[in-house]
Amino acid sequence: MSTLRYTITVGGAPRSAVVSRDDDGHFRVVLDGVAHVVDLVRPTPDAFHMLIDGQSWEAGAAPREGGWLIDVLGLSAEVDVVDPRRAVVVRSAARGGKVISAQMPGRVVRVLVAVGDTVKKGQPLLVLEAMKMENELKAAGDGLVAELYVAEGQAVDLGARLVRFE
Amino acid sequence: MSTLRYTITVGGAPRSAVVSRDDDGHFRVVLDGVAHVVDLVRPTPDAFHMLIDGQSWEAGAAPREGGWLIDVLGLSAEVDVVDPRRAVVVRSAARGGKVISAQMPGRVVRVLVAVGDTVKKGQPLLVLEAMKMENELKAAGDGLVAELYVAEGQAVDLGARLVRFE
Amino acid sequence: MRPPPFQKVLVANRGEIAVRVIRACHELGVRTVAVYSEADRTALHVRNAGEAWLVGPAPSAESYLRSDVILDVAKRSGAQAIHPGYGFLSENADFARAVAGAGLVFIGPPADAIDAMGGKTRARQRMIAAGVPVVPGTSEAIETEAEALALAESFGFPVMLKAAAGGGGKGMRKIDRAEDFGSAWRSVRSEALKSFKDDAVYLEKFVADPKHIEIQVLADAHGTTVHLFERDCSVQRRNQKVVEETPCPVLPAATRDAMAKVAVQAAEAVGYVGAGTIEFLYSQATGDFYFLEMNTRLQVEHPITEMVTGVDLVRAQLRIAAGEKLWFSQADIKQTGHAIECRVYAEDPANNFAPAPGLISGLREPGGPWVRVDSGVYAGYEVPIHYDPMVAKLICWGADREEAISRSIRALREYRVRGIRTSIPFFSAILRDPDFVAGNYSTGFLSPSRLEELCAVSQTDEIATIAAALAQYERDTRPARAASATPTQSAWKRSGRPGGDS
Amino acid sequence: MRPPPFQKVLVANRGEIAVRVIRACHELGVRTVAVYSEADRTALHVRNAGEAWLVGPAPSAESYLRSDVILDVAKRSGAQAIHPGYGFLSENADFARAVAGAGLVFIGPPADAIDAMGGKTRARQRMIAAGVPVVPGTSEAIETEAEALALAESFGFPVMLKAAAGGGGKGMRKIDRAEDFGSAWRSVRSEALKSFKDDAVYLEKFVADPKHIEIQVLADAHGTTVHLFERDCSVQRRNQKVVEETPCPVLPAATRDAMAKVAVQAAEAVGYVGAGTIEFLYSQATGDFYFLEMNTRLQVEHPITEMVTGVDLVRAQLRIAAGEKLWFSQADIKQTGHAIECRVYAEDPANNFAPAPGLISGLREPGGPWVRVDSGVYAGYEVPIHYDPMVAKLICWGADREEAISRSIRALREYRVRGIRTSIPFFSAILRDPDFVAGNYSTGFLSPSRLEELCAVSQTDEIATIAAALAQYERDTRPARAASATPTQSAWKRSGRPGGDS
């Protein structure tokens, strides 16, 4: 069976993982030199049940750009996975500039800037509403509004692009 | 929208059903001349939620030969549906003879007849086991064992063919 | 916080009871070791446990009953104690001894108590010696008619006269009055001689329309035994309990007290420790009750006792096994409200209760106030063919019996299991049965004719017809590509007869 | 069986509370009418109800708040009564009047009682008149320093001096001692003049580290009012209750009794009928308590009271609304054991509690002994963006507080929600917090620093790393055809900052 190497980051320092599969179907995961045997089943399509060296653990795993969104005991972690052979993780949602994305699904209730405006760090850009809560999005730095992807009243998904700066 | 006519049987007498779809997406079901308006959604892939003239009902619907297996409040009903244009329901699992099928999933623990045996009505044919319960299958009439689809120790699914008579 | 009774416990079982025990352990801060067969890798108890060890192939005899393998896993995993659940190794005195011999704790009674209550005859003799009432009868053949009649009169009519070599209902006669004794004596003996070539006969008191009532007891290892009142388990099909409730709707208070006292006496007589249940036959006609047997383990129906007493019996088992003294007295235990349990079986009530294992494609368990589900399954789980068909238990509490019944019916209405058939609709029919509602039922309640009646209840044909019309319409009008759904079931099943031909 | 209190009831709400009310109706044999907005066709309350009527587009103002449409549906559907749940129209006296005017029953208090408790000032005055303690303070501006100081001394230090035109924390000062009064008086007035061009000031007693404690009452229409003890709702974030428990772990018995007595007094003062709640501020330092407001409806946290008293409050509402006399007395109501509620919000605790609506791709709710889930969602449900983020409540009962806490932690561990983020892991952290465990918390418990601490708790990075490695390995080694899973989320979210750029 093939052996693959990854560099994996959960919040802190990157770790090295070497993954292979044994003849009995169990996985071998060597994390920074420490080997673990994992018996993996999927009781439901969106859940991993792992017996890691006999310990029972369950995780949700949804793919995301640059890695996985892993949910263990209700705690979601965005995990970056790099295959060193490819040695690249595409993390930028758009070329040429910085893009503000929606940090929650919702509805755009107000757009406070227009294309061509110069904005200062901390300046409110637009207001998103979801579940009776309004959330003001502010500029993370000084810049020029290069593009507006949304209009007032529009519904947006989590992670949808809202504004691009230059 | 298209209007389709069916003859539907749930245990008792066949009923006539005329189904069409209104412009607002609601269904119109005319059962033996009585019209019902149905607002149908599928909250999950295997469940129908129907507002039938405003009344809230839920059903599971799984296709089966000749119609549907409909589950309402935990009660399963095998419903035969005939499209009179086609006027045919294929209900026979096998041609040329009568076939005994497994009435539960399980394991064949004993086969009590062999191909070529003549059997009398009520004679035990084989024993199926599931969930610590043994179930003897008996011949529904006199006949000749034409074919055996299973062997001792074999696992069978619900509805699997077991024996064919001539 | 209290220190945990053990650091780590192995749960030697599967299904809902393994899940139940794991829950209690986790609440007490005890780490858990699940064991599983090859058929159970995806089982809920494996998902919920702290760690899990494979113990063998699917058949119980090669996995869950392998006491040697399980004991070995316990030692290697560092477990300090083993909880056997019910069934499997729970009433195996040899296993209990082996566990103790290995320096581990068996979470159950001492092996000697299991032995004492193990054989029916042995248990009966121990109970007679302890002053516990048993169904009056002879255990040796009776020689003369006069002797037999004298015994019958001492037991009180009616009595059963049984051929020693008989069985299957043959060679036995119920005798209602002394006047009929002579002729019955002669005919049973001659029948016995003819049928079995042996005219030896026994005599037993006949208990008409008995209720099955049992008393829950808890005993610590320091000499204190308490009871937690009764459960009425008379709704049975093929001697399998189907619905249980507490309190019993018709038991007089004085009888309940007497029964409870006797139960404590019975437990004390065998040096019982832990949770146990004394089963009685109760005659509504005479008010008498008789010891039937003792279950030296947790019962399936233990939750209804928990609901009316507030005592967590599994936590109690663990704490008692760790040597704790009982932390409440008999006077502290009150019966509050009413609780009912429905055992959800993967069986098809419309098809003579044929086992119905398979994939649970969808599951929505009921919730809300005073509704408890002890389940061993989940949506997406495939119920294996190898084990007991009980997949979950629905337990509802109410301030009174009417509230408990109406809440159970409401919960059953919410309970959605897709993919397999279950006994859920059958329970709704039982709980609406006028005799059940009146509390007027004995172990004969589910007679063949009533069973048929209860299973036939269905007023949803109109809805099923509309649903089928819509399902068919949707299939017939949807783009051709997706229209090739395959039939999952052949039409023969329509007949509802086992082995129906097509 | 008792006759149902009504033939048919309309439930003018959505989400878990509509489901809760429908459950009580069905248990009582009452048929139910759900109403729903265009965003709620697939909502659980629509699935569970007897019938369902569309009342308007997604925004509440155009659907659930349309009293005219709802009243019209009630009449057309033949409902005899309307249950408003909480929120929406539940504390709208005009609606209550309109319902009564249409000849239907409003399941709640008389409109006049809603009015009397509606405005803070009006309620305060009614309560003062009824002899109910309120936070001492002035409702009109004070003219002179001497007058102010005298008042301060009568209230007892510390006090708050507040600019009449102030707000948002500006123009107010806490004064601890009489010696500091003069300088504070001058500086608040001059600040007020500068900031608001108005130097009028008010005075209020400062309650340090208060607890939010409330008393549940039930009153029938025949003059009987009882209380069902207290709930401690001090664990709050942004004035939103997060965790509630009963009994309060630190309330002296005498204070509990006094508070309960005052609550009954308050309800009686306004002619209250039905279920209501009197909220108090309780000072642990002085032992004093003060009326805050009355909620003239069912509370979100009513289940914990149900769990410790055995009284079904929603059933009680229905029966009282139908004119029944209370069927138990104050002496019959006992507080047994301990109950805790965790409100499950569709919010991401790791991302500053940002709303997290979306599709619930998988759901496994906890079960087993004394675990109750009051939920408005199911697996496959898409939580809409239009309404309150509370999607379910987890309520656990225990024989004592330690049992209730450990059971809650066990249940939270079992609770699996896939597809959206929820506050579930946050609760596990709260319930393990040493101050919470000690019962040592006031409304200031969830300070910004503690919030940050509690949200940071996570010891599962190792597991997440292994899971990610396996997920990636499976994707990289599976046949090419299936390898094109699309990313569902962009990487900017990693930062956890709102509007982080990538």
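To keep things simple, chains are lettered A, B, C and D as they appear, and every chain counts its residues starting from 1.
Everything below uses one rule, namely that contacts are C-beta pairs under 8 Å (C-beta built on N, C-alpha and C of every residue); 3 or more make two chains touch, one makes a residue touch a chain.
If you're wondering where the values come from, they're calculated on a predicted model, not measured in any experiment.
Colleague: If each hop has to land on a touching chain, what is the smallest number of hops from chain B to chain C?
Modeller: Step count on the best path from chain B to chain C: 1.
Colleague: Comparing the two chain pairs, does B-D have more C-beta contacts than A-D, or is it the other way round?
Modeller: Answer to which pair has more contacts is A-D.
Colleague: How many angstrom lie between the centres of chain A and chain D, each centre taken as the mean Cα position?
Modeller: 33
Colleague: Measure off the straight-line distance from the CA centroid of chain A to the CA centroid of chain C, and report it in whole Å.
Modeller: 49
Colleague: Listing for chain B: what residues touch at least two other chains?
Modeller: Residue numbers touching two or more other chains: 44, 58.
Colleague: Do you know which chain D residues sit against two or more other chains?
Modeller: Counting only residues that touch two or more other chains, chain D contributes 48, 362, 378-379, 413.
Colleague: Between which chains is there touch?
Modeller: A-C, A-D, B-C, B-D, C-D
Colleague: Which part of chain D faces chain A closely enough to touch in the complex?
Modeller: By the definition above, chain D touches chain A via 346, 348, 350-351, 354-358, 361-362, 385-389, 412-413, 415-419, 421-422, 424-425, 428, 458, 460-473, 475-477, 485-494, 497-502.
Colleague: Enumerate the contact residues on chain B facing chain C in the complex.
Modeller: 1-2, 4, 6, 8, 10-12, 15, 17, 19, 21, 27, 29, 31, 36, 38, 40, 44, 46-48, 50, 52, 57-81, 83, 91-94, 98-101, 103-107, 125, 129-133, 135, 137-138, 140-141, 155, 158-159, 162, 165
Colleague: Which of the residues in chain C come into contact with chain A in the complex?
Modeller: Residue list for chain C touching chain A: 34, 41-42, 46-53, 77, 378-381.
Colleague: For chain A, which residues are in contact with chain C within the complex?
Modeller: Per the stated touch rule, the residues are 39, 41, 43-45, 49, 51, 54-56, 58.
Colleague: Given the complex with chain C, which residues does chain D contribute to the contact?
Modeller: 1-2, 19-20, 23-24, 26-29, 48, 303, 306, 310-312, 314-315, 336-337, 362, 364-365, 367-375, 378-379, 399, 402-403, 406-407, 409-410, 413-414, 437
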